[in-house]
Amino acid sequence: MTGDSILVAIALFTPLVGAGLIAFLGRWPNLREAVSLLTAVFLAGVVFYILPHVVSGDSPTFSLFEVLPGLQLTLSVEPLGLLYASVASGLWILTSIYSIGYMRAHREEHQTRFYTFFALTIGAAIGIAFAGNVFTLFIFYEMMTLVTYPLVTHHGTDEAVRAGRIYLGYLFITSVGFLLLAIIWTWFLTGTLDFQAGGILTGKASNTTLLVLLALYVFGIGKAALMPFHRWLPAAMVAPTPVSALLHAVAVVKAGVFSVMKIIVYIFGIDLLHTTGLTVWLMYAASFTILAASLIALTKDNLKARLAYSTISQLSYIILGAALANTWGVVGGSMHIVMHAFGKITLFFCAGAINVATHKTKVSEMGQIGKTMPVTMIAFLIGSLSVIGLPPFGGSWSKWYLITGAVSAGHTILVAVLMVSSLLNIAYLMPIVVRAFFVGPSANSPGETKIKEAPLFCLIPLCITAAGCLLLFFFANDLYQFLTAIVQS
Amino acid sequence: MELMENNLPALIVVLPLLAALLAPFLGQGNKSWILATLTTWAVLAMTIRLFIQIDGLANAQGVHETFISYAMGNWKVPWGIEYRVDPFNAFILIIIAMISAMVTYYARLSVSKEIPVDKIRFFYALWLLFITGLLGVTITGDVFNIYVLLEVSSLAAYALVAMGKYHSRKALSASINYLVLGTIGASFFLLGVGYLYSVTGTLNMADLTERLKGLHDNRTVITAFVFLLIGLSVKMAFFPLHGWLPSAHGYAPPIVSALLSGVTIKVGVYVMIRFLFTILGVKFIFEELPSAPIFLVFASLAILLGSYMAIQQFSLKRMLAYSSIAQIGYIVLGFALANESGLTGSLIHIFNHALMKSGLFLAAGIVIYQVGEADLAHLRGLGRKMPFTMAAFTAGGLGLIGIPLTSGFISKWYLVMGAIDRGLIILAVVILLGSLLAMIYVWRVVEVIYFKSAPDSSSEVKEAPWALVLPTWILIGASLYFGMDSSLPFHMANQAARFLLGMQ
Amino acid sequence: MRFFDLYNYWIFILLMMIGFYTVIAKPNLIKKVIGLTLFQTAIFLFFISLGKVEEGTAPVIVPFTTIYSNPLPHALILTAIVVSVSTLAVALAIIVNIKQTYGTIEEDEIEEADGVDGE
């Protein structure tokens, strides 16, 4: 085992070991939280340490055990995976800080269970990010579904249990019914499941078979929330906000679109898809989701529900990028993984902060909140602008690349889709900000004078992520250079 | 030692038989349990030794013609009864021995609570007879001997199921129902054997294989096949002849259910596979007769309907019983595909399901031991009070669903591969659909265990004694381990599959 | 006509089906067991008649002939009869238990007493 592979192993085991420690330290909350934070920092450190290796073209690999003859549990780092891992681990630090503030202010129960499964989820995310073959990806993907279940059903109420059922139902039916079938079929066709530059399916089957296979893969990855398999996302909003923030803005949903991107680039291969035009249907399916989800978001009064549908819409941006099957599309989509993560997590942090400070969840009740929670609402504004895709915020760059990709692929109607989507984003996000700063107090909250700004532990992370949205605008070019390595084969 | 080595095949059957005869004389109390435990562990050691011998032979000369032949009483084959060990039944023998050893060890506390003190020695006598029969059926090379030993184990099973009457009187009607249907099944089997004998004049399996080679058009042979099929389907509880199983496995004492679901129906499958692949031959059964569609259709129905019925049950043991019907469906589907992947999947599922289902029944047994009943009402909130037992149950349940890193996933993988290899994607869909249905009935239990609050009357319930939890965890733990590193069961199953298909 | 030459097989089938019918149709447990025994006995008769060799005598060595019927089916059926009798014994034991527990040996009355299944 070379030095590089040890790093990869450490990256995987850090959150898992951390989870064990956290579970053990349940009785000493401060110690437990400290361990949680330290594990997050350590993990981010390891991931960023691997970064230069990957930039220089290396691919550190680490193999675990052989589950089936010929199928190893293997981790292998490449740029896209590293991107996802960096986002997940970096934002884990911020979410840990945020969770401390939120959980304590809310006096939530079962906090040890919460932090333990949080760590396990990040472990699963690292497994997905660094998966060297589709088999490993699948195993960690399923593991992620299982370990996020206790987080989604955290409150233990009947509503939470029902939501948990919807969550598991959608994710397992898609993964067992479609994804597993696709994987075994691929194994049958090619004899391998390794991720390779240029894909492994060229010349292995007829175009019809490949089309069916692609559909099975895309719909099988339920975490990407492509309609009609999106219902689990709003259902999972019943979880505490830190869960929604990290998992559904960053880890779980990004695992989904990351997997889609990875399969399109490394299993099918961009060239194959480009020449056969197999992904055209996907472009339209993604477009439909983008628009439909945005429209539904307009109708939602509950802030978290609105953000949930916004996420569904934004995820399909990434799927669209993958479906374009050209450099601009893939790079744009991948970049959007980062941009959307920062933007959406800011929005969720703010939603949670509002909930903690005022116990309000409906947009219609949030009149004049900006007066008493200015920091929060400004961060919300920044996050919204990034999601809408306006400069000088990061979201504008990913949107730009996606538009360029659409033009380059010759599907100009998609440009229109992206434009309309931006308008819809404005329509469902800006009113919140406007209402917070300008509109008079709503009739639902007569003279509430005891509203104050959110706790500090909640404020700091959301400020950092908001700042991130701004900073990413300037670092987009570096990201672009980093990501083009994915498409070069 | 040399003497024991040479006579291993006979000893495997004779030892538990003698122990069974000895058990009633050991007086009240646990002495009979000690005898049973020692015997089953000794048998396990012997079956492992036998497998090592076979494995060595297979590695040396290739899988194709590997076997150990033992002539009972030194009467020459084919006139005498032959015990014949090859890669296929060596594998099954280990499964039987392994599960018996674990469950017998577990039995001490469970039996002391369920069965009246003066009857315990008879219980263990029946128990040992039951195991003797199963081992004998697997190891013998004579088809009539199969009938005799099959009935030995079945009779013991009928009586053991009836022993559940101390817990619920429905065990009695379940037992008489099992007896009637089981005997009819065995009689059909006997009739099939009779037809084969009338055509070939021999009862020895190897000899039959030779003599049947030229007789594929013979109507008697086809009739014999049909009778064998029906008789064995009853014994395996293959849809639609499964009616006796839910009640029998549902009302029997938990350790009896563990062996019944985990092993007995698998022995029925063993005999079926033996007849299909070895004696009658793949070419005859699958290419000349339209057996494959029949098997595949009924197997699919077993999977779907069995799982559907399991969802309707409130009693844990009945739910597991219906689940077994579905699992037999998977196993039949695998071998009916008659290709290497399918057959490997089928055989590996025999192994994996034996581990999981026995473990699950033992976990249910622990619940009965501590709480009195194992139905959904009594399971509320047990996740907190009996964490180890419930964790074992959840892990076993995940295995039934086929989550990756459990052994159930490995079986499903090969079964789906086998289906794709035959181009029957619809079967792959059925297999995966079965997994999803399993998710519903398993998750129902998981929700009740972890999310519902316990009724106030159960405040004194705590975790069970280690003597019960440990064997349960050994079985479930093994199923998890073999889900992560399947090399050993895969090797055994694949070797057996290649042997049965006549490959090298 | 071969049809009538095979009269023994027709009798066995008849017996078998009478037994089978009894098992299925009669609700009384003792009658079921009788039917079961009839069914099995018919199969045994079938086996034994397979072993008859033309002009053969019973397979016991006697001085006046050298043609014997095949002894193997006889040995097999002796074993099978033992199995059948044991089954009968177990069945009767269970039925006695049922009578003690339920007070009846009629299947429909037992089902009624048990109520709906699913516990």
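When the chains are written out, they are named A, B and C in that same order, and each has its own residue count from 1.
Here is the rule we use: a contact is a pair of C-beta atoms (placed from the backbone, for glycine too) under 8 Å apart; a residue touches a chain by one contact, two chains touch by 3 or more.
If you're wondering where the values come from, they're calculated on a predicted model, not measured in any experiment.
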Higher-contact pair (C-beta pairs counted), B-C versus A-B: B-C
Central subunit by CA centre of mass proxy: B
Length of the line joining the C-alpha centres of subunit A and subunit C, rounded to whole Å: 69
For subunit B paired with subunit C, centre-to-centre distance based on mean C-alpha positions, whole Å: 28
Chain centre separation in whole Å, for subunit B relative to subunit A (CA means): 45
Two or more partner chains touched - positions in subunit C: none
Subunit C contact footprint on subunit B (complex, rising order): 144, 147-148, 151, 155, 158-159, 162, 165, 169-170, 172-173, 175-176, 179-180, 183-184, 187, 190-191, 194, 197-198, 203, 246-247, 250, 312-315, 318, 375
Interface residues, subunit A side, partner subunit B - complex: 65-69, 138-139, 142-143, 146, 153, 156, 161, 164-165, 168, 172-173, 176-177, 180-181, 184-185, 187-188
Sites on subunit B touched by subunit A in the complex: 398, 401-405, 410, 412-413, 416-417, 420-421, 425, 428-429, 432-433, 435-436, 439, 443, 447, 451, 483-487, 490
Residues of subunit C touching subunit B in the complex: 20, 23, 29, 32-33, 36, 39-40, 43, 46-47, 50, 72-73, 76, 79-80, 83, 86-87, 90-91, 93-95, 97-98, 101-102, 110-111, 114, 117-119
